[in-house]
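Some structures to go through are shown next.
Presented sequentially are two complexes of chain A, the first with chain B as partner and the second with chain C.
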Partner chain A sequence: MSTVTWITARGLFGRSRFLMLLPLPLILIGLAVLCRSLGVDPGQWGPPVLVGLGLAVVLPVVALIVGTGVLGAEIDDGTVVHILTKPLPRWQIVLPKLAVAAAVSAVTAGIPLYVAGVLADSVRLGLALVAASAAGALAYSALFLALSLVTRRPVLLGLVYVLIWEGLLGRFVNGTKVLSIQQWVIALADRMAPTSLLGTTVSVPVAAVLTALVAVGFTVLAIDRLRSFSVAGETS
Partner chain B sequence: MSEATGVIHDIGYQRYTGPRLGRRQVFGALYGHGLRTVFGLGRSAKAKIFPWLVVAVVTVVAAGLTAVRSQIGQVVLTYAQFADAMSWLVIFFVAVAAPELVSRDLRSGVLPLYFSRPLPRGDYALAKLAALITALWLLLGGPQLVMFLGAAFTTSRGMRGVWDELLDLLPGLLYAGLWAVVFASIGLLVASLTGKRAFAAGGIVAVFLMTTPVVGVLSIMPSRTVNELAFLASPSSLVSGVGTWALGDLLTQGQEGGIPIGGFGPVYAVVALLLVAACVSLLLLRYRKVAAR
Partner chain C sequence: MTALHTQPAADVPAATTSTLDLAGVSRWYGNVVAVNDVTMRLGPGVTGLLGPNGAGKTTLLHMMAGFLAPSRGAVTLDGEPTWRNPGVYRRLGLVSEREAVHTFLSAYEFVLASAKLHRLPDPEAAARRAIDLVEMQDAQGRRIGTYSKGMRQRTRVAAALVHDPQVLLLDEPFNGMDPRQRLHMMALLHRLGDAGRTILFSSHILEEVEQVSGTVQVMVAGRLAASGDYRTIRRLMTNRPHVFTVRSTDDRALAVALMAEPSVGGVELGRTGLTVKAGDYGAFTRALPRIALRHGIRVRQLLPEDESLESVFSYLVEA
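The block that comes next holds the complex of A and B.
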């Protein structure tokens, strides 16, 4: 475990702010348990809980907060200079941070999704959701990490993507679904555990290829942007 | 006993003899500055991108609706349904605006400077809240005005048609005000908890987004009472519930719409009132202590 990994993990967990992430997964588990104990038909509560809350809100929002936080927080308060002045290749800075961000998002979103998936259908669906959301967490984290290097307002730009592109346009304009990480995750999970609970228009090979492409592409972009990074003050 | 040797020289500082503006002017200045901050006026182009992006999208949608209506003569969205349809953009706008209003001041540590003036603690928070409410109301009301103008100029029934249209617009504006009050008080409370704009924006979106699916789940529970009370769980459906109860047909104008709240209308109104009151008092409580750090 490299020092950068260690610093990043401590930067995430060392503050009480991290507790802000807890309510999201807890609500997801709570709703699933509530529905199950009241005997509601899984076909009815599955889509709003698994997709509406889990894959459309918990996964992207957690990945957004964590993904922009691992590097963005250091850029914000200027301490990124300490890492940049060390004789490290840039990829040794970006990759550990990406790994921490993806792992934290995958665990935070994966555990409640597993519980909800098991309660809704079967262990197989739970495991499929965990695997798919881990792939999604990697893609989201790479995207948001790159955003925090490309712009000074990564969270707002990330929100534009999550809220307007995936949320608003994804509902009304069908074509944008092909370029939505959320739909790829749904497609992957549906392929691994075919149920009637998850449904999407995106085909599985397209989803798999695009997920890998986004993960790799934005990581390369982040490494490239960090190569010629200028440290500036807070935007006005 | 030595003689005092020090001399106080008059080096020509002028005393201020003009009028001293009081509390109301301080409040007004903070409010005006807050309103400008929300839209990025008087600041760099970067600060204008996100607020005006939202304004542009909302206006374009309103213009599109107006065009469709004037062409095919059918009302696609009523004024109130327009506010409902724009809820995601309103959430995004709050996530942009609220951290700009309060988180920057927290982070740069200027609050002690504000409070060293004759400015009561509550006034600071209330001025910011009023600015955010006004901005949200303008965001939702402006496009409604565009829709009204489009409808008024294309009406085929003369002044009578314009008058009817105006009667439709007024409840819509009232409803937009309800949206503005509820969303602004929640958003500003969340933003005032952290000095980091990034975390504040994420927190606001998380609060609004994670409550929406709760409504979806509660409304399929095997109990009619729970179904009809389900819309209390999320701010946006809470506002819709209050609107359905208080304005009723005025909102939907005979179209399909509104949400099934049964006979619980007053409950929705009371809960909305309590929610706003709780958020505002927590905000005031927060600013009683915040400058001490």
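The block that comes next holds the complex of A and C.
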């Protein structure tokens, strides 16, 4: 494990902010177990729990907390200077941090999505949700990591994207779905495990290409912004 | 000041030297000019960067360390720009003012992580050596979160020194240190400077700069107001009379005799001796023994009163 990965992981799990990750996945599993044990028709509870909670809330919010935390928290408290005063090409800082963020988000969102997918339909749907949400976790993480380098309010901007763009506009304005990571994840999962529980208007090739583009594009942006990272001067 | 040199420089190996150059460097934020057309060259030895709060010291240090792009001009380390060039950190170390450390790590883990990030051939040995340099052996296994401010500062210095950089920049390094830690840090900076490292530290506390370094760069309102040995700077301020305290066997007779000397602008007779204002430092110090000898007066004490860094600094800030 690289030293940047180790410090990032220690920093992530060592902060109380990490505890914020736990309730949402637990609620998702709890709801799925409850619906299944009460014998509710999966056609009834599947879409709201899998998509409405799992893919629209748990995955993006977990990715937001982790993605803005791996670098943003270090920028906020100034510890980023310790890593930046090393003769490392900046990609060697961004990529390990992105890997930690994407892996932690994928696991934290993937486990409850797998459980809910299995309870709602099949193991195949569970695995499809895990794979698609892992791709989504990578795209979200790249986006939020880059946001923490281009703005001082990455969490706020990230929430605007997740809640307003994906959540609100995505529901009422069909065209916005093309630029929604959430819809790409749905399209990819539906392709791997076709089911009536998931549905989107975005085609699979578009989803796959845009997911890759966002992941690569925002990673490149983050590396470039980190090269020009400025420490604000004291103006007292 | 010599007391600070008691420890040998054996723990700091001699190194090839590096030069940090600033050529016409300015930095502005909107309409506010933080640093205005600063040109300086820093070579081996300890240099104090001095100035009142808000003078632009931190902005200048950040530009030197590659954490801020100059709006105009160039900052280079041995000819290489420091901005957008992580390679310079092989030769450069920075201790920023902000007390930022990974509190969840121990000092040893923190310094070792720095050594590994520098890809040093034997990171464990380098970490131990750096921790020894700042005398943090006893607490090195404890979490940094439990440290005092001075201990955190020393840990940060150890991390900045782990790769034995030729250039070390420190922003207000003595903040939060107790007197013993200050002395120790001053001695360490001296040893590093004596071993050929280029050390620049900023401070707004004159005593600190005076004790650590004779060479100063004085920033006032974003400009470089003076540069060099502060005693020399003082002597170049010919528009300010030099003030001396003189005690002798007959102060009154000496006062009368001194008034006839062209280099003397005024003499005040006090209970503890004479306060003499001289326009020309060299002419007065050459004339005094001659005058005393001629009048059969023995000079017991001659003290330049305003050659302290404090008076030099206040003259520069007032100017």
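Going forward, the second predicted complex is superposed on the first by the 232 of 236 C-alpha atoms of A that agree within 3 Å, B and C clash if a C-alpha of one lies under 4 Å from a C-alpha of the other, contacts with A are read in each partner's own complex, and residues count from 1 in each chain.
Methods note: a contact is a pair of C-beta atoms (placed from the backbone, for glycine too) under 8 Å apart; a residue touches a chain by one contact, two chains touch by 3 or more.
Since this is a predicted model, take the numbers as computed values, not measurements.
Trainee: Fit or clash for chain B plus chain C once both are placed on chain A?
Mentor: These partners fit in the superposed model.
Trainee: A:I7 contacts which: chain B (first), chain C (second), both, neither?
Mentor: After superposition on chain A, A:I7 lies in contact with chain C alone.
Trainee: Could you look at A:P87 and tell me whether it touches chain B, chain C, both or neither (first, second, both, neither)?
Mentor: After superposition on chain A, A:P87 lies in contact with chain C alone.
Trainee: Identify the partner contact of A:I164: answer first if only chain B is touched, second if only chain C is, both if each is, neither if none is.
Mentor: The first partner, chain B, only.
Trainee: Classify the contacts of A:P23 with the two partner chains as first (chain B alone), second (chain C alone), both, or neither.
Mentor: In the superposition, A:P23 contacts chain B only.
Trainee: As a test of reading the superposition: which chain, chain B or chain C, is in touch with more residues of chain A?
Mentor: So, of the two partners, B touches more residues of chain A.
Trainee: To make sure I follow: the centres are taken over C-alpha atoms, the vertex is chain A, the ends are chain B and chain C. What is that angle to the nearest 10 degrees?
Mentor: 80
Trainee: After the superposition, pull out the minimum Cα separation from chain B to chain C in whole angstrom, please.
Mentor: 14
Trainee: Could you give the residue numbers on chain A that contact chain B in one complex and chain C in the other?
Mentor: Residues common to the chain A contacts of chain C and of chain B are 235-236, listed in rising order.
Trainee: Okay, in this complex, where on chain A does chain C touch?
Mentor: The touching residues are 3-4, 6-7, 10-11, 14, 77-79, 81-90, 227-231, 233-236.
Trainee: Mind listing the chain A positions that touch chain B in their complex?
Mentor: That would be residues 17, 20, 23-24, 27, 31, 34-35, 38-40, 44-45, 48-49, 52-53, 56-58, 61, 64-65, 68-69, 72-73, 76, 152-156, 159-160, 162-164, 167-168, 235-236 of chain A.
Trainee: How about chain B: which of its residues touch chain A in the complex?
Mentor: Contact set of chain B toward chain A: 43-44, 46-47, 50, 53, 57, 88-89, 91-92, 95-96, 194, 196-199, 201-203, 205-206, 209-210, 212-214, 216-217, 220-222.
Trainee: Can you list the residues on chain C that touch chain A in the complex?
Mentor: Interface residues on the chain C side: 27, 29, 32, 34, 53-54, 56, 58-59, 62, 65, 67-69, 84, 86-90, 92-94, 96-102, 104-105, 110, 113-114, 116-119, 159-160.
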